[in-house]
Amino acid sequence: MATATKTSTNGKDTRRLIMGNEAVALGAIAAGCDFYAGYPITPATEILEEMARVLPRRGGVFLQMEDELSAMAAIIGAAWGGATAMTATSGPGFSLMQENLGYAAITQTPCVIVDSQRGGPSTGLPTLPSQGDAMQARFGTHGDRPALVITASSVKGCYDATVLSFKLAKRHRMPVVLLLDAVISHMREPVEIPPPPPPPVRSFPKLAEGDPRFGDAPFVPFGYGPITVVTGLSHGGDGLAETRGGVQTEAMIINSISKLDQDPEIRAEWTGDYRLDDAEVAIVAYGITARAAREAVDQLRERGVAAGLLDLRILWPFAEERLREVAAKSKTIVVPELNLGQMVMPVRAAVEGAAKVHQLNRADGTLLTPEDIAAFAISVQGGQGA
Amino acid sequence: MATATKTSTNGKDTRRLIMGNEAVALGAIAAGCDFYAGYPITPATEILEEMARVLPRRGGVFLQMEDELSAMAAIIGAAWGGATAMTATSGPGFSLMQENLGYAAITQTPCVIVDSQRGGPSTGLPTLPSQGDAMQARFGTHGDRPALVITASSVKGCYDATVLSFKLAKRHRMPVVLLLDAVISHMREPVEIPPPPPPPVRSFPKLAEGDPRFGDAPFVPFGYGPITVVTGLSHGGDGLAETRGGVQTEAMIINSISKLDQDPEIRAEWTGDYRLDDAEVAIVAYGITARAAREAVDQLRERGVAAGLLDLRILWPFAEERLREVAAKSKTIVVPELNLGQMVMPVRAAVEGAAKVHQLNRADGTLLTPEDIAAFAISVQGGQGA
Amino acid sequence: MRLVDRDPIRIRLTGRGGQGIMLGGAILAEAAMRDGLLVSETQEYGPEARLGATKADLIISTREIAYPEVEKADLILCLSRAAYLRYAQSLAEGGLLIADSSMAEEMGEAESTVYLPFRATALELGNELTTNIVGLGALVAMSEVVTRFSLAAAVTGRVKRELAELNNKALEVGFNLGASVQVRLA
Amino acid sequence: MRLVDRDPIRIRLTGRGGQGIMLGGAILAEAAMRDGLLVSETQEYGPEARLGATKADLIISTREIAYPEVEKADLILCLSRAAYLRYAQSLAEGGLLIADSSMAEEMGEAESTVYLPFRATALELGNELTTNIVGLGALVAMSEVVTRFSLAAAVTGRVKRELAELNNKALEVGFNLGASVQVRLA
Amino acid sequence: MPKLGLDIDQYLRTEVLPTVWCPGCGNGNIVEGIGTAFQRIGLDPEKVVVVGGIGCSGRTPFYVRTNAMHTTHGRALAYATGLKMANPELTVVVTMGDGDALAIGGNHFIHAARRNVDLTAIVYNNGIYGMTGGQGAPTTPVGSRTTTSLLGAVERTFDTVELALAAGASYVARTTTFDMQEIPLRIEEALRHKGFSLVEVLTQCPTYYGRLNRIGDPSDMLIWERDHTADEPVTLLSREEMVGPLRTGVFRNEEDPEYIEVYREMCAAQGGSYAAG
Amino acid sequence: MPKLGLDIDQYLRTEVLPTVWCPGCGNGNIVEGIGTAFQRIGLDPEKVVVVGGIGCSGRTPFYVRTNAMHTTHGRALAYATGLKMANPELTVVVTMGDGDALAIGGNHFIHAARRNVDLTAIVYNNGIYGMTGGQGAPTTPVGSRTTTSLLGAVERTFDTVELALAAGASYVARTTTFDMQEIPLRIEEALRHKGFSLVEVLTQCPTYYGRLNRIGDPSDMLIWERDHTADEPVTLLSREEMVGPLRTGVFRNEEDPEYIEVYREMCAAQGGSYAAG
Amino acid sequence: MSTLVVKAGETAPARLAPGDVIRYEQLEASLTVRRAYCKGCLLCIDSCPAKILKLDADDLIYVTDIDACIFCGVCAGRCPDFVFVLDAGTRNKEGRDGDGH
Amino acid sequence: MSTLVVKAGETAPARLAPGDVIRYEQLEASLTVRRAYCKGCLLCIDSCPAKILKLDADDLIYVTDIDACIFCGVCAGRCPDFVFVLDAGTRNKEGRDGDGH
């Protein structure tokens, strides 16, 4: 190390040392976010603070709302006012946002919600990390909806995932959930980040009066075209409530879901591989646990176990196809999670027995270490799996 | 029919013609419920109205709260005040209850929450049935928790399931979710219901000062023993917050989960069978869809298809073992649901390829008919499955 | 099989919001129960509860009723124009539609349709709100899906006490209206 | 392998809330970055932010850092008694614990421990709040995990402008404190 | 007095009429008041958004031919706050029932009043939950019958006006559907007011409130409204005085720093150009 | 004046001391006030529940040696309403921070005041979010610095007392940690009052509010409190007057039908025997 | 919806269909009645000073005697369902309802 | 926590440990100082009329001169951390802080 320090770049380094939460804020600004509404909550608060600092000087809107219910409502309202909007919270606030998240889904409103996960349930462990909201991010609101949930496992990853979240939220006209955790949010790493762009200039497609507003139609906010009707009731392409049954809404939701699966960028970003090609043991992980798993892979390889990592960078939609490919090659799958077993369910459902799926869980606020994962992988390889 | 009417019992019939929602209220009273807090919402409102009518005359408490957040909070508070408490709602309200539902879970508070499902997401189809909250009932709150979710498919079933919900809520010290739908809630059927018992007399085990209050300890409300500390933070058996990590809470949650799986009454009520013994096609359904499936089984049998029904009477914990038994015998499983595919995931995860699992979904507020299910079963038997 | 011998038999009561269709459904279901039969009754709710077409569906049977919704109805009672337009097509093959006479002119004759003056009769009785009871009486007189005795008991049990007499009268008139008609209950 | 040659090297800064441990972590991490190294820094948050033991963990490496938490630390800086009690045991084999002299008497001597008067020195400088900077200076002087140059730049960049001079002075004193000690960096 | 019954069809979505509301429900009168006020001011429908919550009156956005946002129960003002802040050029009118605004939405109501963003909130107060079939509301007068208080409501009643004033609303008025000419007048004043404005309109629910309380037909309910109100805009009455008639009129109409203007200055002080997008 | 500093250890959970609160935080003074009031009345700890929300002051239940219920953010009064109604023999005290009570919990606050269930609500108002690190609150005075308003807060400020009065609270008082002898006095009055009672206590957050606004050390913050308040319990000031010192004292102390009594009568009228279980 | 125009002196058809829109044109004023929106609530009937409104067999509103109409607009003001539209024209500005004739 | 009793006329030890509890017993009154609860916030020091409170090297409170204590209880009233407990006994009821001596 003493030697390494000699290679100092002495100020030529353009990297910045920032927290995951700051990277989220910078990513949002880079993606043109000009509206933030939120409410303080550990461990997401620094996103709120950073947006409070930055947005006014860019002419954007920062609103500290009375609660998380209204924060979610405000960003949906803002999106329909033409803004590129986001909020950030943690488990308790995310639970409160679920109803309005469903509204954003049925009204096809682009917006970004960050959930920095802490130990749950309830108030739980406010300052400690968890992955306990993975299924909630998909199923937390009542009814069915298209879901797009993105993860990150580094500070740079927070920045990139935020930019991606906004991009996909706009492309697919939907709320996108960025799922972090207390460690990622508060971790500092040096990152290379481009300077922020100038404040965004709003521009939307032109719509004529009779054009559909929902389904495959482009998102055009109020005031940027002919009048539009938006409702949380099941509705048709014209926005008016369906009076008998929800045939049109069901079709639009199914259509949205299938478009997610076919999006080339989602397909490209869906999962990350590490030494997976010849792996006999595939570790399927995401977020902070994927970092530990990566180190576990190295440790396992050193010990002669052909291990590899599939990092679920986009949790939902779930990368079923990829899982089936992995299962076809690696007959053992290990799913380590900081919860009592959540994403292991879609993994099992996807592989349908093609590989033996073992789960490794911890939900006490402590991270799974590389050693934990490696030891578990060895134990299940020896036939003593969970 | 004209003939049948001749068999009239002319008043000797002790059955009553009531709605599913009324049956829930009667079941609650039968189970000793003496506290109801709620908020009006279609299609659950009649439960609120019935409890408003009945409870005061029994000296029980009826509270119409300002919203669903506070309704859920109030029943938890009431349980700690010694009451046998419940609330009822539908999807939007259920979404709002999720945060406090997690609090009930971590504080091991017995209470019952009825969710009469309507079309979602968001405001959706307020008067039409759905099964869109099946996964939300399990994963709607942040973090992990033990979950107990019961269904019903008839008016009598509503009554019985409500009684069972209270019984299990008390035995396992946890919030129990009773999952209905708009059709079941509003359907009238003749049912035989015993007269209501007298208002309950409260009685709780004696606790000494140093005794544990959580984990395997009995539930003793405030005022019925030495002072007690209750918190939504991760805590130990003494109720005091764990200051470093949530080891004790994690252990208590895992313990609760495993006790559910071993409860003989849950095991007995877990699923219902209909002509399943020799079935080549097993239909796995719940709630209103199980009724259609039952008729579909008859239709299929008439057409020479050896079909059977597994009715998931208790959705969560999920009857994994039973599913594996079914999969071992019936190589084709059909999962019809009034959503875009929810319980099919745990089914697939449980059977791990031992049977081919096909899903039949509808989410436009219209029921799947026996004909729909039978036709689908035939089509997938012919190898053209979903 | 004759219509009256169908088991289960599926019945749909329709009208506009405010015409007492929900109450009618409950009454008919309770009558079936009083006859010792199995019955399920489902209703259509909507924000337009007080306007537009609405319905109550019943399945009456001597055997357990699995699927409770009515796709095609063996018997339809129709008290309003909007309900006719919406629900007439849900009549099962060989079924019978019993509609208010006010629609006769516009809708025209059909083999499966009988028109009777429910509303006019109720107005004669001095209370339009009894239209549903008159209709029920006629439907039961024609179809015998439940006994008149049980229907009368169900009416008494389900209407407000001060209106019991009026409704019993309406029921009587309805029975007579129904009995006066010759229909093929094939 | 000598302690200073460990790559990655794991460092834990500990003290009580209010002693600037978080800031110290950020400064040291930034110094590493300025040296062209890879670094990850994580912190312990808690409701007791202003009291009790708290820590910042750093991993500094020339290679990509996967798992960012520190289980066993090669270097521990310890500014408070509570932190000592809580974190001293997390020292890695062959690691070095650098603690405030105020604890020397109670904790006793150990091969792996060096006591230095950080707090006393800071008080001499007239501001107890510089204890963390004095400590960082000593740690870097002893371990050379980052260059003094980068550390000084990081301090200047991260403290309030009006306090920059004071902190630079504290850093200097810290460097001297550290340099004055003979330790085995085995 | 302006003429009644003028053609306001340009502000009505006539193709979805008749409304879902029951015969004799007063909500339509308030919609007419909104349309009339829009017409008097001459608003461009493309630059207006009517935001509604859930409940009978929450359906208003479907009937006013402007942009419409039918949101979730209780949250309309939170949606509207985001919307208006994101594009201050839009005129944002928020229509809510009493349950929507004051039961589930009470918090957003007081916070919107506190912030003083330039929104016009219209509370349709019929003292009962209509859409779900006649349950009691926080605004149900003590003693009234509802399906959750068949022997008379026992919980005390909220006073919308007092709450709005205490929370800081800068324009506060109350009127009734009996005072039909006043509705568009107050709404017009509220729209022209800079800041958070509240117009509460007592309106009749003949189907539930009227029937359960045996008040009679819709016209009788208007008489009931007349007899239970007094045009005397005084506030913070003692609890004994509050038993008397409900006060109507304009309770506050003050110039107060409007939040968008405050926010604009705050941005400008930092070099930011708010609402330039 | 009663003596200061008397032994109230019987009402303190001393084994978990010191508190998590920062040095100089005034919350402990309020806890002391609660314990003192309990002692003066002589309450049985087993028949008392202290219910707290989330935030610094929400932790109060851990420190008072009675039954303790530490609930979710903003909902403490809703929990307490259910608890008290389920067992009216319990004395229920609800401790909340300003954000807990008035931001996220604002709705339950006004509804609890409206219902008038016999609860004692104590709002610890430090004008800022402490637990999360110093963000602005609805109670942050305009112009104050917080981590979300580094150039000074621009949103208008809630007045807890005005809101409580408008919503119908029957006992309403405000005091400060500067007035240390008044805290137990007001809490005792509130506890003895039948109905919903509110005691707001202005308390110092030296770590965030004090530091960000350069007020000085905890003692300086007490002086600041003294200089920014006036013992003159008047309400509904005009907005200009509200710029002046915050009024303290007892704003309302009225006998009003308490909801539990009302409910008991309602049950009795139907033959039900409330709270007989 | 096609509109049936009834000019001054003319008589409206004896029987109207539920969806009919009728515009009564009288001198400079006119009153349009959109029966499709009517719900039969009686508010207009009870408030009409000229007592010329009634419900027909379909429970929909109709004008019994347009010649007696004073074009005051009270029906429109009271109607919550947008049934009536008044075009007062010049007549109303100086006409009979202004001076009470 | 064991309590160290300092009777009237006695002197407290020169160096106290962080967790020490000291009860100063003076005639009929006593003042107990529970140092384990102290956070060193200065509120008691600033408010003590006798100016006899100070922080030690551990930033914990101690009494410099108990003989000067007037047992007024202001330290206890100002302390938010339950450090001080006053047992005023008879002395306070009729003693010097009552008549200002």
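Chains: A, B, C, D, E, F, G and H, in written order; residue numbering restarts at 1 for each.
In the analysis below, contacts are C-beta pairs under 8 Å (C-beta built on N, C-alpha and C of every residue); 3 or more make two chains touch, one makes a residue touch a chain.
Worth saying up front: this structure is predicted, and the values here are computed from it rather than measured.
Listed by label, the chains touching chain D and chain G alike form an empty list. When the partners of chain B are compared with those of chain H, the chains appearing in both lists are F. Contact counts per chain pair peak at A-B. Chain centres here are Cα averages; for chain B and chain E they lie 38 Å apart.
Remark: chain E and chain H have CA centroids separated by 60 Å (rounded to whole angstrom). The multi-chain contact residues of chain E, meaning those touching 2 or more other chains, are 18, 21-23, 54, 70, 72, 103-104, 106-107, 111, 131, 133, 138, 155, 263, 266, 270. In chain H, the residues touching two or more other chains are 39. Among the residues of chain B, those touching two or more other chains are numbered 42, 66-67, 69, 92, 99, 103, 122-123, 126, 231-233. Taken in their complex, chain E has these residues touching chain B: 54, 70, 72-74, 99, 103-104, 106, 129, 131-133, 135-136, 138, 147-150, 155.
Per the touch definition, chain D reaches chain A in the complex via residues 4-7, 9, 25-26, 29-30, 33-47, 60, 62, 65-69, 71, 144-147, 149-150, 153.
If you check the complex, the residues on chain F that touch chain E are 103-107, 110-111, 114-116, 138, 151, 154-159, 162-163, 165-168, 235-236, 239, 254, 256-257, 259, 262-263, 266, 269-270. Chain G makes touch with chain E in their complex at residues 36-43, 46-47, 72-82, 84-88, 92. In the complex of the two chains, the chain F residues touching chain B come out as 16, 45-47, 49, 51, 54, 61-62, 65-72, 75, 78-87, 89-90, 107-108, 111, 263, 266-267, 270-277.
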